[in-house]
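Think of it as A, B and C in the order they're written, each chain with its own count starting at 1.
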Amino acid sequence: MSNEPLIQIRDMNKFFGNFQALKNINLEVNRGERIVVCGPSGSGKSTMIRCINRLEEHNDGHIIIDGKELTDQIKDINAVRREVGMVFQSFNLFPHMKIIKNLTMAQQLVRNISKTEARKTAMEYLEKVKIPEQADKYPIQLSGGQQQRVAIARALCMKPEIMLFDEPTSALDPEMINEVLEVMVELANEGMTMICVTHEMGFARSIADRVIFMDAGEIVEEAVPTEFFDNPKNERTKEFLSQILTH
Amino acid sequence: MDALIGWWDDYFWGAVIVGKVFLCSLSLMITFGLLGAMAKLSNSRIAQNLAGIYTVVFRGTPPILIILLFYFGSAITLTAIAQIIDPEIKFVDVPPFWAGTIAIAVLVGSYATETFRGAFLGVNPGSIEAARALGMSNLQTFIYVRIPEMWRLALPPFGNHMLSLIKDTALISIIGLNETMFVAKQAITVTGQPFTMYIVVGAIYLGFSTVVTVVVMGVEKFGERTTVGAL
Amino acid sequence: MSFDLSLIVESVPMMLAGIGITLKLLVVSGLLGLMLAICLLLMRISGKWYLNIPAQIYIYIFRGTPILVQIFIIYYGLPQFDAIRESIFWPILREPTGCAILALTLNTGAYVSEILRGGVLGVGKGLMEAGSALGLSSRQKFIYITAPIATRLALPAYSNDVISLLKSTALASTITIADMTGIARTIVADTYAPYEIYMSLAVIYMIFTFGIQKLFGAIERYLGRYTKREG
């Protein structure tokens, strides 16, 4: 296991047409680190993590995951996607498949795992997210919190090195946020390398190794939680924190 | 291709007939469609049922059959009526133009009924409530709130109805309307080139379809200029 | 003018004798048309301009011209060419039934491909992203995610097209095929009773349409079983 950072982003820029969504992003994430990214709407935080698994294409600069550079080549993209799991704000469970099939399909198709093995892994992770009894239901029959936990299990079934979370609790009713955060905390405590875009500052304070603040496409400030929340250095960071922490 | 020389005139007048059928049937189709939609949306059980029968019958029957029925049926009925008045009369018939135009207008009108009904139902109830709260009368609400929203919703499927009218016009040639298909038939007996002649018919209809499609796209853009990007 | 019920009782069985031909036209054209539609769809969504543009042109032509014209071009027009008459396809293209099936197939293929494309566009982008994030290839995403969901979404519009196809089979009567409409027209020519004959034929088609709607309703309910919250 090399000591090189698991994720390296160097001088990365991204444009949507004429609009520059990401400016000069430089970021290193080491194995086992938990990063929380926060910032106002439109700051580019989602775009940045979506570049990591090539759901968006960066225009400039380099993204290197576990030593492999992310380029246009399909084999490079697939190599990265095998290592990186993603959890979406709107869960994106496949509605026409039962929960168990949601978890086994990619294992069989992408990793060529046998059906029995895949089912075994799927049930293990369903146990882990505490809803094994829902295996034979369809996504629509589950609550939002349950669906998101299934989505986390689905990503974990692929045994990724890195987990990306794109505002995983933003679409949930308040009473369901905790059940999802609990799963994420457990994952963090087990040493999963993760980048989490979220507004849940309590979560950030308790498990993040570093908190990153983004605004207008740039990384404005980066610090350990205690420094970040109690002693923000940048004016924009202070403004943002004052706006979201008053209640 | 030389076979076409001398026939362009006839094709032109045939195309004019297609245009005339379109304009006449369009106004009738809108009328039938609106009447049907209002009947379905009204509180009267009878009106709803009649409109229901209208849509089921005319959407479930082949267009060619409706045209044949209107043409031959009207001839029989009118002849019978005329003979009551004057027993000397042997035969009264309706010109294919009118039998055909009314037939396709009634037919496509049954589809338009569903389109208009859906469009009226799709109008944002919040807008209606706001109009009422502001004190607007039913008529004012209808004209200034319902109709503007409703035609924008109806436009895409309505465009398809207009295309149906144009294409169904070709069927009226079967009962003798001298539009482009009819011209082609005559041209074939003289020139012996059925492929060429019918391709021209196809091209003329394609031209009409294109014009209608482009106009509908233009009207859609016009409708969007005040509503798209409003968020 | 009287309404001759006994004539109806006599004629209905005669018209129903044509049901075999009607069904043959419907089913064969429907299936071949569906296969054609899937090919056109894949060409349209391939992202490659040399597949997409020809498909678009094909669809534009076949949706923009009347189906009657398409039938006539194939049945009356193609024999104009020696190459056709000497080809291996001549035995099919010489027969009115073969021509009718070909025309109906080419026509419905164009309409259904757009319906399928509408279904494909309706599959949520997020689901495709989830598939990508899991590492699925484009082909895998299309087979396991897009196709099942798009099929369910396209079903209502597709059922309408099947009904349209049923009604279009009546046009086969214009090229001498003895389907139900063809038989009906012969009877009317003999008996001068358009109301009785055509109206009862219309009822037959309506029953057929009703049957198709019920069938597709059942299919829709089966495919949509994952959209209901109760277990």
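Keep in mind that, in the parts below, a residue touches a chain if its C-beta (ideal position, glycine included) is under 8 Å from a C-beta of that chain, and two chains touch if they have at least 3 such contacts.
Just so you know, these numbers come straight off a predicted model, no measurement behind them.
Colleague: Give the label of the chain whose average Cα location is farthest from that of subunit C.
Modeller: With centres defined by C-alpha atoms, farthest from subunit C sits A.
Colleague: Which chain, with its centre taken as the mean C-alpha position, is closest to the global C-alpha centre?
Modeller: Taking the mean of C-alpha atoms per chain, the most central one is C.
Colleague: Between subunit B and subunit C, what is the gap in Å from one C-alpha centre to the other?
Modeller: The computed centroid separation for subunit B versus subunit C comes out at 22 Å.
Colleague: Roughly how far is subunit A from subunit C, going centre to centre by Cα mean, in whole Å?
Modeller: Their C-alpha centroids are separated by 47 Å.
Colleague: I'd like the Å distance between the centres of subunit A and subunit B, where a centre is the mean of that chain's Cα atoms.
Modeller: 55
Colleague: Going by the touch rule set out above, which residues of subunit A reach two or more other chains?
Modeller: Residues of subunit A touching two or more partner chains: there are none.
Colleague: Residues touching two or more other chains, restricted to subunit C: which are they?
Modeller: none
Colleague: Show me the residue ranges of subunit C that touch subunit A in the complex, using the header's touch definition.
Modeller: Listed in rising order, the residues of subunit C that touch subunit A are 124, 126-127, 129-137, 140, 144-145, 148-149, 152, 226-231.
Colleague: What residues on subunit A touch subunit C, complex-wise?
Modeller: Its residues touching subunit C are 53-55, 78, 81-82, 84-86, 88, 90, 92-97, 105-106, 109-110, 137-141, 151, 154-155, 158.
Colleague: Under the stated contact criterion, what part of subunit C meets subunit B in this complex?
Modeller: Contact set of subunit C toward subunit B: 1, 61, 63-70, 72-73, 76-81, 163, 166-171, 173-174, 181, 184-185, 188, 192, 194-195, 198-199, 201-202, 205-206, 208-210.
Colleague: Could you pull out which subunit B residues touch subunit C in their complex?
Modeller: Result: residues 56-57, 59-66, 68-69, 72-73, 76-77, 80, 163, 166-171, 173-174, 181, 184, 188, 192-199, 201-202, 205-206, 209-210, 213 of subunit B touch subunit C.
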